[in-house]
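Structure provided below as structure tokens; questions to follow.
Labels A, B, C, D and E are assigned to the chains in the order they are written; within every chain, residues are numbered from 1.
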């Protein structure tokens, strides 16, 4: 239970350190208001916000990577407990059972991955 | 849970955090000197001996930079991003044991005797060490997204999205590569893992135990492929070296950093180098036997030291030696980071993602399956 | 004074109350907000509330099985969020908006 | 008031504040961030309740992956479509709020009446120790192996489904 | 014996079937001969039956021929069986005999008819039904014949259905008969309720042992019900309107159906139930008064008619009134005697009228006739014989039967002076209009533009036969007085014949009274004849004067007392109004309204509910939450 305490304390330390740094910087730093400076940094033709070409066509890759990340992340998380009990399982003679069950799971994992790769879902443009 | 125990704990945490924070300028110095050395030039040597104080000068300069927020950015998110960048690194680093636990004898102060304490040289030791670090690492992505969204301009947004996409892709490989080593160790807590790596390399095939004297019992020998995958994944995780396309100057105008300057930029650097330190620390603890010195066992060293100095003092020396060995290993890996950054050319984004999804992930999976089958067959 | 203090002594009810409040907030969110993404988020909130209650009960009843179910709920919730957002995106592409009050095609 | 209670009250503040802000904030992105906050708070609470591995999974999966997806998707939409004048909606749906609050009142009445009748803690056994991941693993892989395999299948189906969903006409393959 | 009965009944049916098959062949000789042959066959068989019945000893003269059980429902057992006994055998003779003559006549009559086969088929069917009616062993089997006969009368009256008036007449006949049949059925039910059986033989046995005064009311009701049927069929006061209109059919049909056979069916049933009728004096009083009234009124109307067939129709109604009067006063033998005699001379006169009409190319108005004495000698002679018979001149049949009825009306224990007086007056009027008819058609100079010529032998032979029968018909029942007067003992043949079957009463009036009555009736007949002869002969002007003195009365009489218009106003109009209102208000507004109303309301309900499903998913959630709250409230209160 006490470990919670230390984690809490550590986060507090970090946050205060960061806030302190920013506070001091904003205090010490000069305050010169000028329009140009606060312009968003643009290189090349500034694209007005409204008709952003992105409004209708959404690059699918970002979104796809994220969702596939979630799915495979969960599959990896499922592997952790298995990894832990695998060694004891072998001693207890349950080794093959565990291997096969996880084998099926990994097979599904592989099938999903192969399908993803073959379906060119993750291909980014050049 | 008496007063002194808490006091010592807090002191310990502060020391560890400051250790990390002070390491950062050092690393920057190493980076600048290293890159100069690789590119056959001198690097900063004006300020202080060998340019060591250069970083101090930079820090002071940063303090006096002006703070401003871009026009259509979100003020709160803009300021929140640097702080969020700090947190994951620091907390992850806190979980990793930096040295041998220190036990302080009973002493009396304020009229009562305070019992002996055994302080582990880490902020907090958790039963779920490894997966905790992974979880906290996954929070790292938010700083990028917040920075991108807060600064309001299209380039930083695109840069943030790309950086985040890259990070999460390699997080997969990171997690999967760890599964292999976890299969071997069978536990999450770092202390157990470190204790398992003591003494010469020994494993059992069938009923016979095989001991190889000249090799230390480190994780690398059990999981070579896992180690390599892990190390490469950490490169991508920290947006370092070959994988630093998102905030590469030439490509996307420094990606999500574009709008940041001054101290906020420094905080981002601290965050980045913090992640690097966590990565190398993980590397050493999981695969290179943390503070263990190859042919020396902690008790052996202690008895050797007792032979020519007092018991209490010997314990401190032993604590110090092991800590130094751990730090040496970490510094070595940090150097590898710098070394790789200035030698390997940068990946193109789609190559980078392909590597992550189509190369690293399958290999990590392969590695896990092979280890599992091997363990079963050789049990 | 003591029963006031005892109120602060945390028991299962407190966890249930917290979970319930979260659940109701989530329900209200789904119920009132018009933005599809926010609705999905509130859905996640409701599921988290359920997880909390599961863990609380498993902790206080001493049955670790509760946590296994939390495990399953998390995966299903994650999958559901993914699909939900996929649909949200295709709706956005198709109708240009994700305001729920405009999406009333499915009616009697 | 042992340490556990203190932690509960401390942690419940960010969780509740986060949850309320999720429902009430005008900008969906802010509601997403507050949701992350509330999820991390919940993770800490799970740790508190002895479910260490579950708290790590909560932070890694929920806070670390699902919410990243939400934030990414929100960033993909352009501002106009996403930020909608929601304030009015929240304000003028008093009846719905009434309904929800009635529901809350009833449930709370249910919970607390239950315990008061039987006394604050008689009905509930004393808190038990921490559940180790190994124990969890044994349960998962020996007793619920079937649901585990089905979940694997589910994830596969979702993976395939999502890709095809995002490929529906209008999807930009550029 | 069974074979003969089957033969009698089935032969006309076979004739009907054969003609039915030859439906649209227009060879009247072939179909005519087939029909007549069949009826002739059944006539011969009925003679054999009559003789065998006569040969049987007096006691057991009734033979029951049982074919199968038609209706067998626990208590109710109605056998399909024929009863051969004196009454049915004599009726059989009458039906087939007169039927045969009329068939032969109609072969000649139907010369320019398109489809004679159809006509002869219907005629045979009619004979077949009449035989079933007559031979039936129980009231129900009689009822079958009763209905069949009604059907055939409808078909034959409306034979030329192209002419809507004739079709309406047929319909009118059928409907009035139906009303009568309804009454008949009610009576049937009462009797069945009372006696538990409908067979005549059982009924007669039960009647003898009937002595429960409290069920007398039920018996009277039953009998009156049956009497209503009789009124319908035999055209008595309330339901006689159809007979005059029935003249729309071909004349042989009128002769057969509306003179000889069908109309007498009612009487046949009354005679069958005579033992029952005797038991209830009230029923007899009702029957007698209705009979007398019909006789008087029909006679009055008959005096002012100009259509030859109408005159004969009203005279038939009046004569039927006599028969019913006889039944009413208990002289069942007398009524059967009058049935027979009337069949002969009325059929004779109808056929005579038929040949006149045939000759004058369908001219029926006697004002346009005249002078036929010379041009159609045989018809004229036979017609005069019929005329003498009907007005009741002693040697001829008419006198004896009418006299017996009047005598029993006067002297019978159920008789009454008034009844006799009405009968007597009707007899005078009958004489008046019959002689009027004779004068206008035969004796006055010809007024018709057609050149009349004697009909073919086919038509005249039946006329002659009937004339002979009309003359000698009277011998069947010579009253005691006359036979006693003449010294030779001629048995009242008919009464003895019917004794074992029906109730034959014996009148104990003084002989002098009887003789005086006879003289009175002959006197009134002669007076009527002379009056008509003068008024329509030379002294046309006095007739005009009498008529001008009370024009409205005569106009009333010629318009048949506006009975039809009365019915129209009293019964049909309200009926029509009722049905119209039922149709408009009840059916359309109420029932349709309810039906349409229900589906429109459901549609509205549906639309209301559909509005709820308006696509806003939050609404659906609203309902869910409301439901949840409801459950919770229940739960909270009951934990």
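The working rule: a contact is a pair of C-beta atoms (placed from the backbone, for glycine too) under 8 Å apart; a residue touches a chain by one contact, two chains touch by 3 or more.
Keep in mind the model is a prediction, meaning the values are calculated, not measured.
> Could you name all chains that are in contact with subunit B and with subunit D at the same time?
Expected: A.
> Along touching chains only, what is the step distance from subunit B to subunit E?
2
> Central chain, going by Cα centroids?
C
> If you take the mean of the Cα atoms for each chain, which one ends up farthest from subunit E?
B
> So which has more C-beta pairs touching, C-D or A-D?
By the number of C-beta pairs in contact, the winner is C-D.
> Taking each chain's centre as the mean position of its Cα atoms, how many Å separate subunit D from subunit E?
101
> Measuring centre to centre with CA averages, how many angstrom lie between subunit A and subunit B?
The answer is 18 Å.
> How far is the middle of subunit B from the middle of subunit C, if each middle is the mean of its Cα atoms, in Å?
Their C-alpha centroids are separated by 35 Å.
> List the centre-to-centre spacing of subunit C and subunit E in whole Å, with centres computed as mean CA coordinates.
97
> Listing for subunit C: what residues touch at least two other chains?
27, 31-32, 74-75, 78-79, 81-82, 85-86, 89, 92-93, 96
> When you check subunit A against every other chain, which residues touch at least two of them?
In subunit A, the residues touching two or more other chains are 2, 7, 49, 52, 56-58, 62-63, 66-67, 69-71, 73-74, 77-78, 80, 84, 88, 102, 109, 116, 125.
> At least two partner chains per residue is the criterion; list those residues in subunit B.
126, 131, 138, 161, 165, 168, 188 - these are the residues of subunit B that touch more than one other chain.
> Run through the chains and report each pair that touches.
A-B, A-C, A-D, B-D, C-D, C-E, D-E
> Give the list of subunit E residues in touch with subunit D in this complex.
These residues of subunit E touch subunit D: 618, 622, 625-626, 628-629, 632-633, 635-636, 639.
> Which of the residues in subunit A end up touching subunit C in this complex?
For subunit A paired with subunit C, touching residues are 56-58, 63, 67, 70-71, 74, 78.
> Applying the document's contact rule, which stretches of subunit A touch subunit B when the two form their complex?
Subunit A reaches subunit B through residues 2-3, 6-7, 9-11, 13-15, 17-19, 21-22, 24-26, 28-32, 37-43, 47, 49, 52, 61-62, 65-66, 69, 72-73, 76-77, 79-80, 83-84, 86-88, 90-91, 95-96, 99, 102-103, 106, 109-110, 113, 116-117, 122-126.
> Report the residues of subunit B in contact with subunit D in the complex, numbered from low to high.
Per the touch definition, subunit B meets subunit D at residues 77, 126-128, 131-132, 134-136, 138-139, 141-142, 145-146, 148-149, 157, 160-161, 164-165, 168, 188.
> Enumerate the contact residues on subunit D facing subunit C in the complex.
1-2, 4-5, 8-9, 12, 15-16, 19-20, 22-23, 28, 31-32, 35, 38-39, 42, 45-46, 49-51, 53-54, 57-58, 61-62, 65-66, 69-70, 73-74, 76-77, 81-82, 84, 86, 89-90, 93, 96-97, 99-101, 103-104, 107-108, 111-112, 114-115, 120-121, 124-125, 127-128, 131, 135-136, 139-140, 143-144, 147, 151, 154-155, 158, 161-162, 165-166, 168, 170-171
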